[in-house]
Structures are given as structure tokens and as C-alpha cells.
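The following pair of complexes shares a single chain, chain A, combined with chain B in the former and chain C in the latter.
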Partner chain A sequence: MDFNVERNLHSLINSTSHKWIFVGGKGGVGKTTSSCSIAIQMALAQPNKQFLLISTDPAHNLSDAFGEKFGKDARKVTGMNNLSCMEIDPSAALKDMNDMAVSQNGNGDGDNLSDLLQGGGLAELTGSIPGIDEALSFMEVMKHIKRQEQGDEGENFDTVIFDTAPTGHTLRFLQLPTTLAKLLEKFGEITGKLGPMLNSMMGAGNVDIAGKLNELKANVETIRQQFTDPDLTTFVCVCISEFLSLYETERLIQELISYDMDVNSIIVNQLLFAEYDKEHNCKRCQSRWKMQTKYLDQIDELYEDFHVVKMPLCAGEIRGLNNLTKFSQFLDKEYDPQADNHIIYELEEKN
Partner chain B sequence: MDGCTVVIIALIFTALSQLNSYVSEEWKNRVCNQINPYFPQLTIKLKEHTALVEANNSISAQDNYAQWTKNNRKLDKLKKEIDDLKEKLFHFNKSKIDTWNKLAKLMITVPFLLFKLWKGKTIVYTLPSNQMFPSVINGVWHNGFLFVALAPLNWIRHGAIHPAAVTSEGNYISFGISLGIWCWALNTVISTIEFIVNQLFIREKVTAPTIDNKDNEKSSKTL
Partner chain C sequence: MSELSDAEKRKILRERRQKKFGNGGASSRLNKITGQVDSNLSTESPLDTPRSAPIESKQQETLIDIPDPEIPNIDDHIQKTTPAAKIEDAQLNLFKQLADMQKDGSSPDLFSLLKSMNGETGDDSIFKNLPTSPEDAPTPVDTELLKYHDYLVNRLKAKTILIKWMFFLLPYLYLVTRGGRTPLIPVPEMLSILLDPSYFFMIFTSFEMVATSIYYQKLQSIERNHKINTLDNSSKIVKLVSMIPEGIIPVPNLKGKVVLALQYWDVLSLFLTDICFVLLFIGIVVYF
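Presenting the complex of A and B:
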């Protein structure tokens, strides 16, 4: 095993094989900034490819990070030709599904179960189900896979980067393919026996349950295969150099390994590098940097075969395409506290 | 085979089957563990697990995060190995205990049953007088419980529930206790003694439920 791994994400940024990149970690560690930075660097490094950044976090931050409004449909980032963003909104998506169901079912006679499920009650019912955000994100993934299979050039993205919700949500989302595969297996057995009866309950000739289930099963299996292929999918963990954040990162990594997912990159954000900062080197910064160094040493010891990228704490908020682009360069080429120190104050000047 | 030999054989079988029933599953498991190839491995892993837990409890997670995490990783790995070994150990012991039970059945229960079927009507001892019990009971003691089932048929065919009870000279034959009945009586005595010993000395005493006055007061206030 090669332990001399690069302390940057150069190989990932220039990777042409990766289709799905997940960025996740504890709340408040800079997941959105990191995912935006990865997306920008990839888009800059591979101008002929199309990238999509999706936020699956119910508390979306992409619009704030880029300083422009994104919605449930993919929209290009102003100033970039090959990077689009979207924020999955569970309530809006459910409303759309509901409206579609109502329009399709407009001539229903109100007698059967399908009228009850599709005629408006569905959105209210599903909206309150725990984990619906993850399910909708998963549906979005399925849509993209379908588009890729159908060769729909207009909406085709080469790589999708996920700005995920805090750890618990993300793990639930990543468990979905396996859980769904098991569930569909059981459903398959039931529909094999009760298929005709279920079809008649849902309205004769209206919904082919067995057919739909088989189609869903095939899609879920494709996603499961793609998510566990290290050439296609990888997970980038984001943390800060503090105990609880590291502890959650370790938990996340172990869980991802148990799902057979590739994880070999860790971004450590908000580092002070106080000893190299001659101008702004207060006592508080020194003590916090001492604490951060202690945990950084531990990270190096624990994750020696990982790409551990050390990112600086900037003087201002990293918002807007320009600031994000400046900040994100340290993902491709590691931050040099002495040579690059001025950049973290340049960002401040922009705000 | 005289009555004395029959009684001795029956006593040996009874003693063996009682002894087998006293061997608890826990004891069988302990014996099986001694021959179980997974048991030494499990013991080592459990010791390692305890040592690691102690090591992790003795250090500060925040000051020795790397060591603490490495220990946790080892603990997770060990836990999986321990669960796996426990599963294997259980299956090994179960197969051995099943074999034990089958052997016990084959060497004690089945031969004893066959012996009782073969020698069940052998008179173990003779009653001093035919007048000690009513005729029906005498018949049961002498012939076993089958006598009760056959009694109506005998009545229809011979006009008496016990036609063989009178000899050709018109005298009553002397009744005795057959081996089947003797074994049944012996087992009844043993299980009664077991029950008494169990109730008096082995079972834990169940304390009578008490009513908490505070609870009563609370509920009455609520009402």
C-alpha cells in the first residue's frame, strides 16, 4: 500500500471516471463550502464536462454560498458554463407529485384505492414520513441515471456532487439502496402471489404494480452497484480539528466502509496556522492552533493512507464564486501557510 | 430371569434415566466447552476485549484520540470476531448435546421401554392376601393398566372382568405386583420427593406482593 498519499484532492479533481461524489460530515464544519470548492475546481479542471452540485441537506446553503438563488431544477452558476446547482426541496417536490397525480387522475370516479392515494392525500401522507428528504434525493439520483441511460444530452451531467446533510441523514440516504433492495425483494414475493388482486385494487389497467416494482428494483440495483464502485463513487469527509468532529468523522468512515463505499479523503477545515501568521497572531489564536495541532497529529496517525487536506480559516465568509474559487485552489494544491497567508485576508476585503 | 434380577435391572435403568435428567443443559455446555475447539479462542478474545475496554477507560479520549480510536477500531473488530466465535461455539455445543440426548435415548430410554414391554407382567412380589384391595385394583396391580382397558371386553366375553382370577379348582389365585406397576409406583415416589425437595430447598422463595401506601395515597388524590 502506498502511504505517501498527496495532501490534496488533485487526483479527484482531475478524475474523469467519478460520477458521484458525496461530501459529508458533522454540522457546521464547512460541508457546503467544501462541496462548492470541489465542484468549482472540477469544473475548472475539466471544462468540457458538465457538473451538477446537489444539496440534499434540508437546510440548504448552496444559494447562500454562491450568492444566487437555486431551486429544485438544475441551473447554471453565473460565471461558469459547466457547473449547475440545485436544491432539493421536499415540500415542493411532493406538491409537484401531487399536482401531477391529480391531473392524471382527473377523470377518476372516486371508487378505487388509486383515487384515494393519488388524488391529493399522497403528498400530505408522505410529507410527514421520516427520511422523506433522503428518499427524494434518491429519486433525483434515479432520474439522473435514467437520463444517462436514455442519452438525454440536454440534461446530462458527467459528475454529480452531493452537498449532504449532517452525518445521520447522509448515512440513512446511503443505506437506502440496500434497504430498498431488501424491501423490493419482499414486495416482489408478495406481488408474485397477490399481483392480480393488487392490480384490481389499484384500478384495473391503471397501474401495473409488478412491472413498476421490477423497474424500480433494477434502478435501485444499478445505483447500489454504482455507489459501491470506487471508480464511480467516492465520499469526501469534512471535519474541523476538534474532538467531537473527529469522532463523528471516524464513525462516518467506519459506517461507509461497512457499506462498501470508497472513502479516502478528509478535508480539515478552519485551521488557524497561527505560528506562520506574523501579523495576526494573538494569544487566543495560538492556544486554539495548539489544540488544532494536537488533533492534526492524531489525524495524520489515524488516516495515514487518506488524502488529508488542511484548509485555512479565512478572515471572512467564503461566499460568492470569486471567493470560493480562491479558497478552493487549496484543494488542488495544498495550502502553504507562509506563501498563501495573504489570500485568507484578501477574501475578507471582498466582503 | 427371576423377579429379583428383573427388579435390579429395572432399578439400574431407573437410576440411569434419573441421573440423565439431573444433568442440566448448563453442565452439558460446560462439558462440551472442554472439547470445543472454539472455546479457547473465545476465551482469548474475551480477555483481549476486557483488556482493551480497560485500556480505553484508563485514557482520556481527547488527549489520546488516536490511541483511543485505534482501540475502538480493534474493539469493533473483536466484537465481530467474538460474535462469530459465539455462534460457532453454540452450534458445536448444540450438535454435541443433541448427540448426547440421542445416545441417552438409545442406551437408556429405549432399552428400558423394551424391557418393560418384555418383562412388564413379571410379578415382582406377591400380595399377602387377595382381600387387601378390591378386585379391579388387584387386577391392575397384577396385569398393569391394560387390565382396565380390557375389562369391558372380558366382561362381554367371559362374564367377569378377571376370568383368570379363579383357578380350575375354584380357588382364587394369589395376586401380586407386576413390574410395570412397580416401576410406575417407583417413578411416582421419586417425582413426589423431587417436587418436595425442589419446593423446600431449591426454588427461590417468592415474596408476597406489597402495596405501597404512597402510591395508594397518590392514586386516591388523583381520583
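Presenting the complex of A and C:
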């Protein structure tokens, strides 16, 4: 059976089943622009559904991309009533946890632990732990799953789009459910066997360790199942038509497949389409486009079963909702270098 | 034929992709990318490397078949009997025993566990297998490895004796008793002086010294390989002596002294065995 794979993200944009969409790739290839574009297109295509765009990159760009400030709590994008954004801030989240610990520990009883916590000690101690951003992002995912299970209407999102950190961070984040599941399983075995002893030790504090662990294990398992379900989760790779980016994209795809994650879309950004642009066809653009074409041919050959979307390099920065909306239309409908050429210069005028 | 739904299309594409990445396809894709620019980047695919390698290797270790039950694979045994592996075994035993106690309905509370740790319950002590500290605890030796070690040591001893008897003592004694006059073993003229019976004891003792040195070198190499001190682990006398607490008898380092004495006895016994063989052979020669 043979059929052509659409060279756009139309099916994803109109998908009603996907709950989690990850957008990732090498640093500087346009992940944030792509994730914002996908989120905007989905929100426009499905006005009755709520979408959340989360940045898990420690160096957040969402606020800059939309030109408005987002924080650790989901906030609607101005001009869109079904798209919210949030930037997970490890230091702010840890400060919250620190404050919570202080309030639980009693107010000003003067012991050393309280003094340490009141000085933001917990946040300082844990903030420097490698992988804390990924862990906090993961906690956020767990929170959303819990809310969805509890049917909390006020905070419910139908689809969550992740603007991820560069590849290494993202892979660590995606590995977390499997790693945690294994860890909890091992821990569960030990607590199962040492249960009575632990209960004896923890009896005075009324801490049900086994119960807490089982709850966490169930949540992690739910996430793992959802992340490996191709109807619920997919990964969109973003790259540019250059060797290192192509190499990293291929490795990323292979890693994702090894995690049983679905990946079927690749956005190739920053293409010059120089031969169609007679007006601005300088020598440098020509030679660069020649190089891009070489890798594009390889991409076409390697990823014939993927939705490969070719996006143009715009004359200016793609910032603000209007520019993003204009640019994002090429995700739904393929960019035509001849017919749509003027749009990349329109963006420039707006900046 | 009806039009395919989006879900069906997605499924078919997914299967196609998996097929392309499977069966070594992943590495060849990376080769294709790096080959175009002659890059030195790795082309080893994460899909071609096992994901849970540590667990699998552990399973493999336990599944290794010993080719010959008489002569077990020594490398495996050495790996299995490292102190770390033993500590792990002891911990596993602890968990197993705890699980068994739970199954019996006799949930161990902290108090009984602490009592067990102190060894108050004798044989029931679940912590008795746990070494107190890696430095203090004697290096535990697997019984199977010990058996194999003993087998090798005994084989070495037997081979040494056999080689000594068959390839030196027997021909030498034959020549000495015949006064060097035999058509069976031609002796060069310059060596015939060595067959003089008055030189016998000197040659015999020199040979014994060389042979014993070679034997002990071989023995030490076996002990090094297995990390087993033969006398410490095999000798009943040493085991009994090591049970005597230090300070009870007014002899410091009693065990060390006993081990040294046994080593001397071992050398002497080899020498005595050969002397016996010589006397027996001379007796037979004299008789016939």
C-alpha cells in the first residue's frame, strides 16, 4: 500500500486525541517559534478546546516570543481565549516548596532547621541539583494529569504542548517516567519486605510511606503509559538543514523510538528558497540555499514516512501573536515559495 | 476499497518507520548522514544497544552454564565471590528471610529485628550472614570455588610428584644403581661422574630444592588467581586454631605461627615422599 505523507502538520493540528505534544531539537533551530506556532494553529483550529503551552527549557523564551510576561502559573495569551502559557521556573517553584515547608514547620520556633528554611535554604540547596528543571516539569505533568482525573474544570487543558529544552535535557525529561517507574518498583520491593519495620519506625509520625509510594508509582505509570501511547502523545522534531542539526535530529528520533515514543513530524526551519526569490537572491543566499538543498534531499530520502514541513527563513524576528499566527499558517498549509514569498517580508515590516 | 482513516494511516506509517529503524537500519541511517560529510561522529544507534544492560548482564551472569561439572569455569566463580557480591547475597538473604517471616504471619517488629541483629536468637539471626565491616570480616570464599581450588592444588601436587618420579628420580636411580652402564639410556661421558653414588644425596637434595621452589611458585600463582590461601581455608588445624581467641594462650599470632609450621611440614612431606620413593626403588632393585 502506498500513499503520500502530507508535508504539513494538518493532521496533528486538527487532532482531537493528542494530549501531549513535545517540540524539541538542537539549540537555536527555532523550537520556541515552532511550538508557539503549533499551539496557535491548534487553538485556532479547535476553538472549543483549551490548550496549554509549557516551556520546560531553563532558558525560557515564551514570554519573548509572545511579547508578554508568563510565569509559573498558566496564563492566557492576550488575544486568544483558548491558549495559555506558562514557564516552569525552578527557583520560584522551589521557593514555594520552601515556604510551604516553613509554614508546616511552625512559625519562628527558633530551631536550626527553621532558620535554614526561612533563609530559602531548601531552594538554594535543591536549585543547583542537575536535572531539577526536568523533575519540576515532570511534576507539572503529574499535576495536570491529576487535575484531569479529578475533573477540575477551572484548570483543565485538553492538550499540553511542551516547548522543550535542547535535546539532552529533553531526553532526560522523557526518560524520567521509565527511570522513576524502575526506581519505585525497586523501592516498592524493599518497602514491601521491610514494611512492618518501616511502619514501626514511622508509626509515631503517622506517615504511610508505602501508600505514598504506591500513589506516586501509579501516577508515574499513568504518565509512562500516556507518553508511549501514539494516540495521546507525539514528538515534533525541529531542525535546520545543516549537518549537525540533521545528525542530532536522527539521533533524537532514534532515542525517542527506543523509549517507545511516537515521532512522525519534522519541521525544517530557516530555509532560504533562494531560487524562487529573484528580488533578494544574493550570492551568499544562493550558496547557502545550495547547501540547504543538499541536506533537504537527504531529509526527503531519510524521512519519507514523516511529515516533513519546510518553513522559510523570515526577514525579521517572529515575535508577537500576529507574526506567529502568520508564520504558523505554513504548518497547516505548506509554504509555497512563489505564492507566499511576500509574507516573510511582511513580518519584517511589523517588527 | 474505502478511504483510510487518519488513525489507520498513522498506524501504517508508524509500522513503516519502525521497520526502517529496526534490524540495524538505525545505524546505517546515521552512517548515511555522517558519511556525506566524512564526519567522525558516532554512528552507534541507541536502538542497536540494549537499554537495560546492567540488569541483563546480571541475569546473564547467573545463567552462565558451567561446561564441565568436574571443572567449573573459574572466572565466573571469582567474579561471583567478590566481597561486594557476597554482601549483596547477604542482603538478599535478609530480604528473603523477612519476606518468609511475613508470609508466616510473624511480622518482625523493630524490637525483634534488633534482637536478631544482636544475634540473641541464635540460628534465627537474620543478620548473621552480614559482614560487620569489609575490613574486619574475613573474605568469604565460595565453597564451590574452594573445592575447585583444592582440586587444582591436589592436581598440581600429584603432577609434580609424578613428573619428579617419572622424569627424574626413576631414570636417575636406575642409572645410579646400574653404575651408568645401561644400553637403555645412553649417558654422555662428561655426565657419568654425576652417576657416582657418592654424589647422590647432593644431586637429590638440589633437585628437591628446585622442584619444591617450582611447585610453590605454581601454587602461589593458583592462590593469587583464586584469592584463596590454601592453608587458611583447607586446613582443619588452622580452622581450629583460628577459633581460639587472641590473648587466651600466651603465644601471640598463634594462627600465623601454625600456618608457617604447616608450610614447613608441607615442604618436608614432599621431601619425605620422595625419600620413601627412593628407598622403595632401591629396595626393589636390591631385591631383584
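FYI, the second predicted complex is superposed on the first by the 316 of 351 C-alpha atoms of A that agree within 3 Å, B and C clash if a C-alpha of one lies under 4 Å from a C-alpha of the other, contacts with A are read in each partner's own complex, and residues count from 1 in each chain.
We adopt the following convention: a contact is a pair of C-beta atoms (placed from the backbone, for glycine too) under 8 Å apart; a residue touches a chain by one contact, two chains touch by 3 or more.
Since this is a predicted model, take the numbers as computed values, not measurements.
By the document's definition of touching, of the two partners only chain C reaches A:Ser11; chain B does not. Judged by the number of chain A residues each one touches, C leads among chain B and chain C. When the shared chain is aligned, chain B and chain C each come close enough to touch A:Glu250.
By the touch criterion defined above, A:Ala59 lies against neither chain B nor chain C after alignment on the C-alpha atoms of chain A.
Once the two complexes are laid over each other on the shared chain, residue contacts for A:Ala339 go to neither chain B nor chain C. In the superposition on chain A, A:Gln298 makes contact with both chain B and chain C. Across the two superposed structures, the residue set of chain A contacted by chain B and also by chain C is 243, 246-247, 250, 254, 298, 302. Chain A contributes residues 1, 3, 5, 11, 15, 189-190, 192-197, 200-201, 230-231, 243, 246-247, 250-251, 253-255, 257-258, 262, 264, 294, 298, 302, 305-306 to its touches with chain C in the complex. Of all the residues in chain C, the ones that touch chain A in their complex are 4, 6-7, 9-10, 12-14, 16-18, 20-21, 26, 29-30, 32-34, 36-37, 39, 41, 45-47, 51, 95, 98-99, 102, 107-110, 113. In the complex of the two chains, the chain A residues touching chain B come out as 243, 246-247, 250, 254, 295, 297-298, 301-302. Per the touch definition, chain B reaches chain A in the complex via residues 61-62, 65-66, 69-70, 72-73, 76.
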